[in-house]
Amino acid sequence: MKLTPFIVGALTIALASSASAETLTIATVNNGDMVRMQALSPAFTKATGIDLNWVVLEENTLRQNVTTDIATNGGQYDVMTIGTYEAPIWAKQDWLVPLDGLSADAAYDVNDILPAIRGGLSVDGKLYAAPFYGESSMVMYRKDLMEKAGLTMPDAPTWEFIGKAARAMTDRANDINGICLRGKAGWGENMAFLTAMSNSFGARWFDESWKPQFDQPEWKATLDTYLGLMTDAGPAGASSNGFNENLTLFQQGKCGMWIDATVAASFVIGKDSTVADKVGFALAPDNGLGKRGNWLWAWSLAIPKSSQHAEAAEKFINWATNKDYLATVASSEGWANVPPGTRTSLYANADYQAAAPFAKMTLDSINAADPTHPTVKPVPYVGVQFVAIPEFAGIATNVGQLFSAALAGQMSADDALKQAQDSTTRDMTRAGYIK
Amino acid sequence: MARNVSTQAKVGFTIGAWVIALLLFSPILWTILTAFKTEGEAIANPPTFLPQHFTLENFGAVQDRSDYIKHVTNSILVSVGSTLLGLIIGIPAAWSMAFAPTKRTKDILMWMLSTKMMPAVGVLIPIYLIFRDLRLLDTVHGLTIIMTLINLPIIIWMLYTYFKEIPVDILEAARMDGAELWNEIVHVLVPMAVPGIASTLLLNVILAWNESFWTITLTSGRAGTLTAFISSFSSPQGLFLAKLSAASLLAIAPILLLGWFSQKQLVRGLTFGAVK
Amino acid sequence: MATAQTRTLARTMMLPAVVLLFIWMIVPLVMTLWFSFQNYSLINPMMTGFAGWANYIYVIGDPSFTQSLVNTLILVLGVLIITVVGGTFLALLLDQPVWGQGILRILVISPFFVMPPVAALIWKNGFMHADYGLLAHLWRFFGAKPIDWFAQYPLFSVIIIVAWQWLPFAALILLTALQSLSEEQREAAEMDGANAINRFWYIIMPHMARAVTIVILIQTIFLLGIFAEIRVTTGGGPGYASTNIAFLVFRTGILSNDIGAGSAGGVVAVIIANIVAIFLMRAVGKNLDA
């Protein structure tokens, strides 16, 4: 059997093709803005001679792969797409290369990055990840349905108003749900929304001594309000709806209101939307306690310490996050489609303001989020819709499962809260926060 | 088989069989149809059966984002490579089990099968660390090794059950020393066992092609197979069902076609000793 | 029959396979055992040192541990029942002379060629989606309220998807067995005046028993580790409704980046798999004697 030569030959070919000039391996999420970056990247290769090897994965798979790689010093990637949750934690572990070159580059103008976002990506004043796009959350609503219900959306609504409007707009016979909210379990899915919402209800994840607070009335009020809204005015199958599912529903005209990431704005008025000309925007709701239910997040590019091509990687990050990149996207896709939420200059740009009716509301929302003082009561942590400790992702995923089960009607709100309290206490004890 | 069945019965069986077959096939059929619809039509209510605006734009969009050829090549290299490697190691082993069995043979076979019961998620970190240190991360040969080891028990078992059915007397005559033993395997046993080997080969190519845990976690771009390809199309932002269907179709098409064309060979040896 | 020399040769030829599989088994297993007694968190390098039984206590104390055991069992048994019963039925049907047998076989066998993540995505988005899935359209057509499959019947939905993938495999093996039943045996039975049901019970069933055990053995090996389908569709939820042992290990080890606890979970999973294996081997071993 002469099979061995064949295998050796095949493997040699496979190997040969991977060992040539300088090549960067870039791991990113399959979101629209990143896919566009990938499509535009040949220009970068042409200008610098640096080849790019793209790994575009679904968000959860990407997170798992980059976390495994960076924690084991695997060295598979040169540029990683991470969020405001990972950046400071990983920087403190000394896993990331500080982006000093960017900070020193006058043309890059690091001071132009929105302060709230830049702060979230820096440790001890050093920038460790460059924001690709930033977001907060806000209310997107259908002006026509609001009018039909005889109501007017204020710029800064309360939860009470949202509840009233959602129920008034619901028209199940015509397949219109008053409100669409995230229900799919995950720390970056339903828990991002619910944690931000709970802030406006005066709730918090932990008290000053890291004791979980799910047994407190504020969390009960949050969950009851959420479940009540979704039961009375939410879509069917809400417990499996994440950002994308709700986006589809809204674009199909099946939601009266949707509270979610500000980046959704360009999609709901974009070409895939059947309701593009009927959408209004408002700040995320509050409850009169001084905090709004809006979060702060930035998908950002960072260089792991294990990369052999840190210098080239920084060049790429510079290309993908500088002002010229925004102009490039604007010239091919229009100003409304540039990656939002990272630069002050973008919001001062008259062309952008004209093309993006959501610009002001996005900026106001981002500025309204305060990661260092996210809650009404004092807390020992930073982060609006997350708690910036390494264990949070695991803990919140468990809690997210429980709240998702409550939404699916598989357990009561009280049971979900009780189990969330137990599970979080268990994990925090294990991690050594609770002595 | 020429059994006498009334035409009435044949009509009945035909209808029944077709209804069930189409039901089983419907998820794939629906995916094929959706792949040629526009995104809007894909989720329209009420749905359309045939694409109203037949379009190839989904395939274009998929190819723009992911290098299909690269992923397909990797899938082929890994699945075929690991199967051939598995056969090279497996045929001698299966031979000795079938023709020179000891009282421990069956225990060894069962032990081999039991190595497949280790949950992949539980050993991810050990394997990842080993791969890192051996510089096997994101390499086609690294994946090929893993795939060989995963499927080796199945290969040996299939071959073993097939070899056992070959009458020993035919082989006995040629059995003399080492060199002739090898000759015997190559010139007598293998030709006789071609159907069994072919079907082992096919089944293992399919199993390796469809493996989705290691192929995603141990690669990053260069060695990514079609399972990594599909992961970049699951739940992105915006409407995606038509594009997802197109990507799914591209991912399963090669193996589906292989399976269809080689269906007879696959089935012939797919007995695992179920037939005596 | 075999000479001493061939016996030695035979051992030598078996050696590569045995050695490779032994390494493949023992190295990760030892490393996993080692990690399972260590404090080892991927994202918290501060957690180090010997952990004693803490990881095991943590995993077994997981609120979803018992449920995931039960779910694993339901998942395996559910799929086995559907595929064996459905597969027998399909095999009997495909064994009949029907028009278009070639194409029929191709249609029936196709699901087996679909990779698990694609199968899960197809079912999740194209079929079971509560809004635009084909089943939702079908329910609405008959005036019913569409079912939200993954919220209302999460484990059942996963079983359906997995069973769909494995049904062709079962059917094919059973069909091969069925067709090996010699014509004389059948004709003899028909001559004796046995009716279809009796023929099935007394001639066909005993003949198929061996094939059924083999289907059970092979599928169990694959079904114990079902993971991709759960991850893509339900993510183990809602709550823990569709969390099996493999997913529990994934959640503690990978999602929470707690390698110590994940390894302990892996060891527990291996023990469970071995219990099942011993049980299976006992049952199947007898049937495998030839």
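Labels for the chains are A, B and C, by order of writing; each one numbers its residues from 1.
Just so it is clear, contacts are C-beta pairs under 8 Å (C-beta built on N, C-alpha and C of every residue); 3 or more make two chains touch, one makes a residue touch a chain.
Here the structure is a predicted model, which means the values were calculated and not measured.
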If you count the contact pairs for each chain pair, which pair has the most?
B-C
Need the most distant chain from chain B, centre defined as the mean of C-alpha atoms.
A
If you average the Cα atoms of chain B and of chain C to get two centres, how far apart are those centres in Å?
15
Please report how many Å separate the Cα centroid of chain A from that of chain B, as a whole number.
37
Within chain C, the set of residues that touch 2 or more other chains is 42, 131, 254
Note: chain A residues in touch with at least two other chains are 64, 68, 72, 248
Would you mind listing the residues of chain B that make contact with two or more other chains?
43, 124-125, 129, 231, 234
Contacts from chain C onto chain B in the complex sit at residues 1-3, 5-7, 9-11, 13-14, 16-18, 20-21, 24-25, 27-29, 31-32, 35, 42, 90, 93-94, 96-100, 104-119, 121-123, 125-127, 131-132, 134, 137, 140-141, 164, 167-168, 172-177, 179-180, 183, 210-211, 214-215, 217-218, 221-222, 224-225, 227-228, 232, 245-247, 249-250, 253-254, 259, 262-263, 265-267, 269-270, 273-274, 276-277, 281, 285, 288, 290
For the complex, which residues does chain C have touching chain A?
41-45, 47, 54, 58, 61, 63, 129-131, 145-146, 148, 150-152, 234-241, 251-252, 254-258
The answer for chain A against chain B in the complex is residues 1, 3-4, 6-7, 10-11, 14-15, 18, 25, 27, 30-32, 35, 38-39, 53-59, 61, 64-65, 68-69, 72-77, 242-244, 247-248, 251-252, 267, 272
Could you please specify the touching residues of chain B with respect to chain C in the complex?
1, 3, 5, 9-10, 13-14, 16-18, 20-22, 24-28, 30-31, 34, 42-47, 89-90, 92-93, 95-97, 99-100, 102, 106, 108, 110, 112-127, 129-130, 149, 152-154, 156, 164, 168, 172, 175, 177-178, 181, 206, 209-213, 226-227, 230-231, 234, 241, 244-245, 248, 251-252, 255-256, 258-260, 263, 266-268, 270-276
State the interface residues of chain B toward chain A in the complex, per the touch definition above.
39-40, 43, 64-66, 73-74, 77, 80-81, 84-85, 87-88, 124-125, 128-129, 132, 137-141, 144, 186, 190, 216-217, 220-224, 228, 231-240
